[in-house]
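Chain naming follows the written order as A, B, C and D, and within any one chain the residues start at number 1.
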Amino acid sequence: MTKIKSLDDLRQKKQQLEQGMDIREKSDHPENLVQIKVAMATCGIASGARTVMNTLVEKMKKEKIAAVVTQTGCMGYCYAEPTVEVTKPGMDPVVFSYVDVKKAEEIVDKYILNNELLDGILPKNYQTI
Amino acid sequence: METIKLTIDNRQVEVPKGTTILQAAHQAGINIPSLCYMNLPYLAQEHKPGSCRVCVVEIPGRKNLVPACATECTDEMKVLSHSLRAINARRTVVELLLSDHPKDCLICPSSGNCELQKLSITMGIREINSVENAAMSTYRKDASPALNRNMDKCVMCRSCETVCNEIQTVGALSAVNRGFMSVVAPAFEQELTDSPCTFCGQCVAVCPTGALTAVDNTFHVIRALADPNKYVVVQTAPAVRAALGEEFGYPPGNSVTGKMVAALRSIGFDQVYDTDFAADLTIMEEGTELLDRLSRFLDGDKNVRLPILTSCCPAWVNFFETNYPDMLDVPSTARSPQQMFGAIAKTYMAEKLGIKREDMVVVSVMPCLAKKYECQRDEFKVDGNPDVDYAITTRELAHLIKIGNIDFNTLKEEDFDRPMGESTGAGLIFGVTGGVIEAATRTAYELFTGKKLEKVDFHELRGMEGIRTASVNFDGTYIHIGIAHTLGNARKLLDGIRKGMYNFHAIEIMACPGGCIGGGGQPLHRGNSIVLKARMDAIYKEDFNKPIRKSHENPEIIKLYEEFLGKPLSEKSHKLLHTHYFSHPKK
Amino acid sequence: MTKFEINDCHKKTIKEICESFGNKRSELINILHKTQGHFGYLPEPVQLEIALNLNMPLAKIYGVVSFYSFFTMTPKGKFPVSVCMGTACYVRGAEKIVEALEKELKIKVGGVTQDGKFSLDCLRCIGACGLAPVIMIGEEVHGRLEPQMIKDIIKKYE
Amino acid sequence: MYKMQLLVCSGTGCRASASATIVEKLNESLKAHQLTEEAQVVTTGCFGFCEKGPIVKVIPDNTFYTQVKPEDAEEIVTEHILKGRKVSRLLYEDPENKEHIIDSKHMGFYQKQMRIALRNCGVIDPENIDEYIVRDGYSALAQVVTDLTPEQAIDMVKQSGLRGRGGAGFPTGLKWEITSKFSSDQKYVVCNADEGDPGAFMDRSILEGDPNSIIEAMAICGYCIGATKGLVYIRAEYPLAIKRLEIAIGQAREYGLLGNNIFGSKFSFDMELRYGAGAFVCGEETALIASMEGKRGEPRVKPPFPAESGYMHKPTNVNNVETFANVPVIFLKGPEWYSAIGTEKSKGTKVFALAGKINNVGLIEVPMGITLREIIYEIGGGIKNGKNFKAVQTGGPSGGCLTEAHLDTPIDFDSLVAAGSMMGSGGMIVMDEDDCMVSIAKFYLEFIVEESCGKCTPCRIGNKRMLEILEKITQGKGSMEDLDHLRNLAYVIKDTSLCGLGQSSPNPVLSTLENFYDEYVAHVKDKRCFAKQCKAMAKYTINPDVCTGCTICARNCPVDAITGEKREPHFIHQEICTHCGVCYQKCKFNAINVE
């Protein structure tokens, strides 16, 4: 193991290791972050939710946006799967339907970064656990 | 020196910085009671665990009461030693101690000498609250040949633990258990005889209650005296006369030799002899042994082991047998004066008096508890009959005198019986630290140089310092002498010798502080150095006034050799006056 | 109970333990921990051997051994049963658990069953207050106990 | 990169309920469903919510599964991780409205908490120093040894207002400053991890959950006071904490965070462990030092304080685990940030071990100044089984019992003392109407008598006498005079004992005498125990209307005090009855009344 001989060494070490802890750091204060929930029930997975989720995670990382991407159960819009719910700090959640890889990137570029709304927004009418 | 001004009970006191409230109060004439506190300044040992909480005083503004013994004075401090709060606390604490203490004061061996009893009397305690279903911490009783332990009476002041470990480095006692059942005891709460205890008796000397007491042989002596078939002779050790008076109201430092002899005679002893006689005899044997080893050493004999160590202190003998089994050939083989006396009394004297050995009872009055053990050792018995039958302490003698309804103070002084009552100043100073070696030097000088010693007093060998060294000029040859009192100091010297740090020719060791004058059988000094110093001065004063001050000039000793022993280290001497040592390492 | 007989092998072990702590008196408690870990308890001859190695009075060693509740001079059972007597367990009925154990094992607290299988002790909080009342058998913790559960738990070990 | 992590508590409590097996099963299950790339299982320290252990927390959504059994692992993986559906039956249920709470952020238990000392407990893997480093670990040490003088660093601790969390609340910065002023060739930093209060386990949780924070803080302290050696005095009964601390020390040494020239500075520091051996009194610093020196753990008279003459007669600074755990945060966030939390004289947070008759037993950390009501009802979820609150005991055997009247008192060091209790190490035991306060006082005294070192008279004999009086009272043999003796003894023991343990040992008695005097009087005068806990005073009778005459009581009565014909109501002969209560336990029809 390499020795940590200075404050800079320590900072570097920290940066190297940050990834593994990132998810926990963020979960501590989710209200300050963009929260993205991907519906991942059977129907969601069947219509490609997992790929969508991976895309979102990668995209957020690329854009350096502090966000929590989680999966959630069936939101009840089986007809519109895959669905994604986005909650920006201090704003009401918005649910997007028929999200594929392309649309996922659009959500990030337009809604999350620039507050532009897209097509296919569903009314939020469910209670989840 | 920086001083501190404070008020105690509205009295202004000025004391040096570092003074405790207890000391400052005493200076102001305020006697704050204490129990666990013990100060041994000449041994540089202050035992202040601050644990009994009897000496608590109030300092207005402080949250809790403080122990006076362990709290240093600060400037402008106000101390209340008898506020209601302090009195109630002190009283409650003493009541608590009493609630866990047997209430057989009437028949307790320490009755009248007990610090707890004194506290109870001073405070006028008449009842102890909720004592009817109070559990007591009780322990197995332990009887040894020299001292008894009744730890039901232990108040956990732990003075004995400090003395046994810090001063004597014997390590027989330690606090054991925890909480209510904590007590001072040997390992596994076994008996003292199974422990490394040397029976020096210093624990008894500092115990404030009846927890540690001496074995009492008073009644054995009374029975022997009453037996018409027994011829009872008594010997008294040098240190006894310097302290006995204290038991009869004399201030410390008054030697009461003449009255003591009169009292013993009045009690009914058939012969009143002096251990000093045997001390002179010891010098003849031990001094000759020293000279023998010394001259062989100076002649280049590599088999000679030097230094020679004195062997008259039985606690010391126990100590080296336990702790230095590898050095058993170093101490002198000479028996102690008590045992030399017994051996001569039951042979030479018995013959002279026409009494059979078994009809003679030898009683010794000793300042010592270890002597009780020593006289029971098998090597000092002939066919099961001991050379010395009973060793009693100075305190027991005082008791015996009182039982005999003798008014000690009005007794006319008398002299010892002859021949074994004849003694010199040299024999007398055996009672103080440095005395044995001084006595030996007085004789050895003359025997070694063949010249008369002009200056008899060797002040360089005297004093209270724990370890002293001196070099004495034997007409051009310097004899290096070491002196230690207390076993802790003895250990230091011995460890130094083992490592080859010293080149002494002779070493004197006494187990008790100040030598025999501070023995465990003396009127309890409880560590008071003024008392010890006074006893020491009394001994030197009496030595100074003695007509003969060198052992080899004792006419009765000269006669004893002419009539009986031949010469020092003769075959007979070896048989009667010398011994050998046993290894019994114990932890 | 048979008396512990110390042999040369034991002495060697003790010597090694003492040496590993530099034969320092100040390491006595660590030495006792390690020795008890090895022998299961600290019988008299073992303490004597430590005294000899550290060159200190046996009385002082016994003074330490008898002070700390962790050290014991009697061997424990094959399955030492310890009842947590922390406050949380107390208010949730630890005393009744002790009673049940005493009844089931037919020994008092501090005792060992005749067959040497179980010993029963109380200890201070083991910090599993959420599971109160709690007992430990060996290293295993049993929690949320009721007196009637004791019989079955003990049975598992028989 | 993992999208999800499953944090599994591996504190002593949860391990006792097989959390290690849960970890195994979770891993197996993840593997079976090929999710090892997506989700990771992390063993962490204690979440504090011990009542409902073992805990599995899923992040990032903070799902909080309680009382998880190994066989639940498969369902958590298939449902939650794979399909994104929370396993609702394992979610925490609100004791009031029985609703499942979706995540820990919505749990009353966590909402009022502020975790500083416990910041990493339940978050990081305590056996991996890297995770600590990512959470800004060792940055405070780096900052201190490279940028600050010891004086500056001490000043920051002083400014923060941090007070010792072990009991009396002595200002930490001041303690460091005093120790720093004594010059010596060697000084020591000692961490007191001999947590002994029955019912308090925060120190253990910190050591098990975040051992590196203690190492870092001790090194900072060493730099401040000029010590190069740290010693942790830790209970031998905490094997897991010992193991984790040893691992952490090993890892810190490998990184050079312990050893010579830390962060390239001139400062060197290393640590060793010393084991306690089961003596409560060793929590007192002079006793602790005696014990570390291999002696009987007996306290001695102060002064000299350890700051002047401590371990091996060298200047020594002793702080407890929780105090140290706060230290790095003070440097990371600044003393101003820290001192903004809490009350005027008590800054920061305090960890309490909440236990007893309360719904949410566990370890909590709250800002100083919070009220008991908030702790008991909002965090603790109220009294178990809907019973009535009676008292809360704080401060362990050295503390006292607080009542309803104190529920709205803001809690800090001084307010607790004013209320007749103390902070102590932070045990908080809640009692309900079924608890007899005389018996509670007796329980604590039994503990004290057991744990008294025996050195000083008042504690050795006085507490024993108090216990005897309480035994008398609970057996219905007490008198009003006994109450006076009890009070006097309590005051004298408090006033005259040698150490803090003795001085505070009468607190449980004094505070119950103060707050529940009528209960004592009822025991003494009416021979009645309100809580029906004192068996000797209970009067057992059989309700003839309910008794079916099944004879089970008569057959089980050890003294044959119950008679009656089969299928006829039975009768208890009071003159024979020994109040053992067996009939009450055995009766299946609730026909036995207890008065």
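Following the convention adopted for this analysis, contacts are C-beta pairs under 8 Å (C-beta built on N, C-alpha and C of every residue); 3 or more make two chains touch, one makes a residue touch a chain.
Remember, it's a predicted structure, so these values are computed and weren't measured experimentally.
Trainee: Identify the chains adjacent to both chain A and chain C in the sense defined at the top.
Mentor: D
Trainee: What chain sits nearest the middle when you go by CA atom centres?
Mentor: Of the chains present, the most centrally placed is C.
Trainee: At what distance in angstrom does the C-alpha mean of chain B lie from that of chain A?
Mentor: Centre-to-centre distance between chain A and chain B: 89 Å.
Trainee: How far is the middle of chain A from the middle of chain D, if each middle is the mean of its Cα atoms, in Å?
Mentor: 39
Trainee: Centroid from C-alpha atoms only, then distance chain B to chain D, rounded to Å. What do you get?
Mentor: From the centre of chain B to the centre of chain D is 54 Å.
Trainee: Indicate the whole-number Å distance between the mean C-alpha point of chain B and the mean C-alpha point of chain C.
Mentor: Here chain B and chain C have centroids separated by 44 Å.
Trainee: Which residues does chain B have that touch at least 2 chains other than itself?
Mentor: Those would be 175, 177-178.
Trainee: Going by the contact rule already set, what residues in chain A reach two or more other chains?
Mentor: Chain A, residues with two or more chain partners: not present.
Trainee: Two or more other chains touching the same residue: where does that happen in chain D?
Mentor: Only 279, 296, 453 qualify.
Trainee: Can you give me every chain pair that touches, using the contact definition above?
Mentor: Contact pairs between chains: A-D, B-C, B-D, C-D.
Trainee: For chain A, which residues are in contact with chain D within the complex?
Mentor: On the chain A side, the touching residues are 1-7, 10, 13-14, 17-21, 23-28, 30, 38-42, 44-45, 53, 57, 61, 68-74, 128-129.
Trainee: Spell out the part of chain D that touches chain B in their complex, as residue ranges.
Mentor: Contact set of chain D toward chain B: 279, 296, 298, 300-301, 303, 449-458, 460-462, 464-465, 468-469, 472, 482, 485, 488-489, 492, 494-498, 503.
Trainee: State the interface residues of chain B toward chain C in the complex, per the touch definition above.
Mentor: 165, 170-178, 185-188, 195-196, 587
Trainee: For the complex, give me every residue of chain C touching chain B.
Mentor: So the residues of chain C touching chain B come out as 44, 47-48, 51-52, 56-63, 66-69.
Trainee: With touch defined as at the start, can you tell me which chain D residues reach chain A in the complex?
Mentor: 1-5, 7, 59-62, 82-86, 88, 91, 100, 102, 105, 123-124, 130-131, 133-136, 138-139, 142-143, 146, 254-257, 263-264
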